[in-house]
Amino acid sequence: MPEQDDAIAELRRRVRDLEDRLAIMQILATYGPAVDSGSAGPAAQLWTDDGVYDTYPAVLHGRAAIAAMVDGELHQRLIHAGAAHLQGLPHVEVAGDRAVATAYSQLVLRDDTTDSFRIWRTGANRWQFVRTARGWQVTHRVNRQLDGGAEARDLLSAALDEGHAQEGG
Amino acid sequence: MPEQDDAIAELRRRVRDLEDRLAIMQILATYGPAVDSGSAGPAAQLWTDDGVYDTYPAVLHGRAAIAAMVDGELHQRLIHAGAAHLQGLPHVEVAGDRAVATAYSQLVLRDDTTDSFRIWRTGANRWQFVRTARGWQVTHRVNRQLDGGAEARDLLSAALDEGHAQEGG
Amino acid sequence: MPEQDDAIAELRRRVRDLEDRLAIMQILATYGPAVDSGSAGPAAQLWTDDGVYDTYPAVLHGRAAIAAMVDGELHQRLIHAGAAHLQGLPHVEVAGDRAVATAYSQLVLRDDTTDSFRIWRTGANRWQFVRTARGWQVTHRVNRQLDGGAEARDLLSAALDEGHAQEGG
């Protein structure tokens, strides 16, 4: 029944695309629990071996550098005073074995004096992924603060171009 | 093999429902990057030609009005001072070629004097969608502030009725 | 065509897994609209009859206790002054008829004096679910504030172990 074979092949493509999208959402949803619990290894393993996390002014190259950020004095001080690294609903584009997610992130800090939490950072993020034998991994993440400058706006508008490129492609 | 045809038809229905839900999440995830990058055209094109964005006290009718809001003086001032339009995890109901999403939105603004971001707006949103030849598009979005008034509560409780209607239907 | 039967069975498993993940996201996306609209019944019905909501220092046992929290004086005062219970992007693990979601939650309150919203609470949440004849329901939710203490960190790192357990299992 070749029509059935075709139908099954088409369903497999569609199901794989859905799985890819949810896998990428899951990676974003893992980042906060990893870094806010001080789990340096699991946080770093979201990236490829030579993955990059570019969070101005620091550019972290490779898993060891990302793990060192989590174990570092500043990060440890924040999470022991009360901190949450929140990721927003991501815009996701998958193209074969590559994918891009665009999402907001926030870093909120406990402020005991006001019995509340302060939003210290709100950034635009562009996450790039590659499909590996061990699932999707981050090759590059750029985080730029929404401080009114052009960099964050350019990063966000790149997500819209992505969509258009895919419509056309 | 009619049982296999039935099984394939059922899988197609289920996969389409999943695709619909993720497509609607993707629209919500596109809104912020579009307006925060000042991309008036892509923001307006999330709506149908005659789509409505009702964000009290303004009611924007049609794509040109939505694009004009993005290009407008107030919005431009906000995004050049640092602003993020965040959308929460949506409650989504799809029924044929119509869909409704209910989600929180926040508008946070950079405040240089405190080195932090202030939440200026937190609203309840009801997004209505129609399936078109070019994919899902917004026909109507209502945004009501969570200011203690009944309007936002009524908007949120409508999402619960939606679920019940579908269970029964 | 036994290969086609196998292919269909495999697709059914994969589609069910995707449906499960989106159903669990939908439950988290329903909680806020339910409690912020004061809908005590729909909020309680997200849980099983004997489900638990452990939100330090209160531990609510069963639907009646959860409904009573929503109808209670404190909660009613908050939602009539302007309140939003926001849920973050969840980390989800499904294993047969059980599932766990790990997600941040925030409670933001309207502050008329500053024309803005204050983040009163930011918590780490572990939601446990069971598949029932009426769909997924919450058996247990624990919410711990990100106040710098070990409890929230332990809760977040449990999500990472979950992932590892599933990879190995």
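Note that the chains take the letters A, B and C in the order they are written out, and that residue 1 is the start of every chain.
What we mean here is this: a contact is a pair of C-beta atoms (placed from the backbone, for glycine too) under 8 Å apart; a residue touches a chain by one contact, two chains touch by 3 or more.
By chain, UniProt protein names: A, B, C = Nuclear transport factor 2 family protein.
Remember, predicted model here, so these are calculated numbers, not experimental data.
For the touching copies subunit B and subunit C, the fraction of interface residue numbers used by both falls below half; the interface is of the different-residue type. With angles rounded to a multiple of 5, the C-alpha fit of subunit A against subunit B returns 120 degrees of rotation.
Here the CA centre of subunit B is 22 Å from the CA centre of subunit C. Listed for subunit C are residues 1, 4, 8, 11, 15, 18, 88-90, 118-119, each touching two or more other chains.
On subunit B, the positions that touch subunit A within their shared complex are 1, 4-5, 8, 11-12, 15, 18-19, 22, 25-26, 28-30, 32-34, 36-39, 42, 79-84, 86-90, 108, 110, 114-119. Residue ranges on subunit B touching subunit C, taken from their complex, read 1, 4, 7-8, 11, 14-15, 18, 21, 88-92, 102-104, 106, 118-122, 124, 145-148, 152-154, 156-157, 159-160, 163.
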